[in-house]
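Presented sequentially are two complexes of chain A, the first with chain B as partner and the second with chain C.
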Partner chain A sequence: MSLFLYILLLFIIIAAIIAVETKNLLSAVICVGAVGFGASLMFLFLCAPDIAITQIVVEVLGLIILIRACLSRDITFISGGREFFGVVVSVVIILVIFLAGMKVFETLPDFGTPIFAEAPEAASQTYIEKGLAKTGAANLVASVILDFRAYDTLGEATVLFTSIIGATVILRRKSKKLLEEPDE
Partner chain B sequence: MLYALCFLLFMIGLYCAVIKKNMVKIVIGIMVMEYAVNLFLIMLGYRTGGIAPIIDKSQLEPSTGQLTAAFLNSSVDPLPQALVLTAIVISLGSLALMISICVRTYGKYGTFDITQIRRLKG
Partner chain C sequence: MKGMTIIVKTISSWVKVLVFLFGIYIILFGHLTPGGGFAGGVILAASYVLLMLAFGREFVEKNLPLPLASRLDCLGAFLFALIAILGLVFGGSFFVNFLYQKYLPGQPLNLISAGTIPLSNLAIGLKVGASLFLVIFTLSICCKDFKTDTSTHKKEE
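Let's turn to the complex of A and B:
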């Protein structure tokens, strides 16, 4: 069981490295697809079927959007380094986040023993025990997103709507003002 | 150890987002970081030998209708799953926004190279 997770995670990491390092944008996008579908399989092994389904749908849509960005663009091989100051700042950012992440490892629980199992007062424990009786939903994830934390889902819909409006505004060919007075 | 591999995946995404000069590569790096964080949150709620948090007939006591202790002691955490579900859908929205900015910039400057995109245009 755990072996599957290791193999899948290694596959994901290799695909991510190829996606980062390859020169061709289209192959990079396809490697991101491999990362996403690998992550979906991993969710399935981690007993999260709802997330696996959502991940597949989102991955397909995301790949379509990404391919739209690289299609019919001439492939520009970008060469040459960045200026010295930019590289230094980037390396410092990576180092700081790496050290902060290392600090977190000391406090993490072991894999397979979640924190909520030891805390009977935890919210997750309440959802598992009372979710069926209080909401009538057999799928506890659905009972959390649609009943206990329905406002989160409302906020999610709002964020999605806002981002689509933003994308529409950015991609619009011409603004209304320019249409009214086409020439100067 | 699985956490460490997840952290490695996150660092690959961060490297890609910070060092690369191609705008689409930066978007790809941000996506890889999102996958790593989602995986990590789901792993935090996983229990060894766990079962999915979905109740069917076999998990109810036949006489009282209560949940069995086996389900209570082996179900994985439903809370991170619900919140990661939200995060995945929002990541699709932000991806659409970022890619539309990239496409628009390409239309204006004819390149994805961020060092070339310097001139201000009204």
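Let's turn to the complex of A and C:
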């Protein structure tokens, strides 16, 4: 199982590199989709079906929108080289983040093991032991996101609501007509 | 944009029901099986995206008008906030699970259990589905406006 996960991780990394490096926009979008499906499979094999379902559904919807946007554009090829200074700066930044990440990853538990394996007094242990008795929900993820941490869900719903309001106000048809009329 | 060929239209008119029902199942059983409000809402929106791709935008606009969708969106957000405030009124603190603790304990692993969690799942599913539908719908309108604007500019030139 562990070997399979590492192969999947390698596949995701290769797809991400191809998505950045390829010149064709449609190929890049499809490679982003491959990254998402690989991540969804990985969540499934790490025993997190809730996140796997959400990941695969959002990935499909986002991929449809991106492919549709790519197909309706005329120019799908990216031209032009890269500047030397930009490459140097990005390589230096990636190196710094890599060195800092090496120190951080030493403190994390092994790949695939939950955090409470190393910290028994963590909050997640309480959720697992008392979640069913305190909320009555068989799905512990639902009991966490809608009972113990319901404020997070409220904040997430507010973010979604505000972004939809912004998108509809900026992109709707009537306001454009009203704005255009005084100019004419 | 009048949609795709008749093969795609026929198959998607069958499949859309299954996709919609699966979304409702994921929302309703969110407190028992994997899934929940967010994933189910995205599946509901995906069924309308399928309709939009197969039949064109005008068909979907007739089926679910834009004002109705934005009202459903607001209704979902309002229901979620209402459940939280009812917890403040009946249970003593914001977001407390008052139905499970006081009024309707229910049996675990049954459909009617866990108090306010299924109701919150319903509200979030409604909200997420309507919001994502609105996003895609607004983007497609914007795309069309952009194209017509450029075509009129070309005519003027």
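As a working rule, the second predicted complex is superposed on the first by the 144 of 184 C-alpha atoms of A that agree within 3 Å, B and C clash if a C-alpha of one lies under 4 Å from a C-alpha of the other, contacts with A are read in each partner's own complex, and residues count from 1 in each chain.
Please note the rule applied: a residue touches a chain if its C-beta (ideal position, glycine included) is under 8 Å from a C-beta of that chain, and two chains touch if they have at least 3 such contacts.
Values in this document were obtained by computation on a predicted structure and should not be read as measured data.
The larger set of touched chain A residues comes from B, when the choice is between chain B and chain C. Of the two partner chains placed by the overlay, only chain C lies in contact with A:G136; chain B stays clear of it.
Look at A:F85: by the touch rule set out above, it reaches neither chain B nor chain C. Of the two partner chains placed by the overlay, chain B and chain C both lie in contact with A:L61. In the superposition on chain A, contact is made by A:D147 with chain C only, not with chain B. Judged by the document's definition of touching, chain A residues 49-50, 54, 58, 61, 65, 68-69, 132, 138-139, 141, 143, 145, 153, 160, 164, 167, 171 lie at the interface with chain B and also at the interface with chain C.
Those residues of chain A whose C-beta lies close enough to touch chain C in the complex are 49-50, 52-54, 57-58, 60-61, 64-65, 68-69, 72, 132, 135-139, 141-143, 145-147, 150-151, 153-154, 157, 160-161, 164, 167-168, 171-173, 176. Of all residues in chain A, only 2, 5-6, 9-10, 12-13, 16-17, 19-20, 25, 28-29, 32, 35-36, 39, 42-43, 46-51, 54-55, 58, 61-62, 65-66, 68-70, 73, 76, 78, 80, 82, 87, 90, 93-94, 97-98, 101, 105, 108-109, 111-117, 123-124, 127-129, 131-132, 138-141, 143-145, 149, 152-153, 156, 159-160, 162-164, 166-167, 170-171 touch chain B in the complex they form.
Those residues of chain B lying in contact with chain A across their complex are 1-16, 18-22, 24-25, 27-29, 31-32, 35, 38-39, 42-48, 50-56, 67, 71-72, 75-79, 81-86, 88-97, 99-104, 106, 111-113, 115.
Chain C makes touch with chain A in their complex at residues 26, 30-39, 42-43, 45-46, 49, 53, 70, 73, 77, 80-81, 84, 95, 97, 100, 105-106, 108-109, 113-117, 120-121, 124, 127-128, 131-132, 134-136, 138-139, 141-143, 145, 147.
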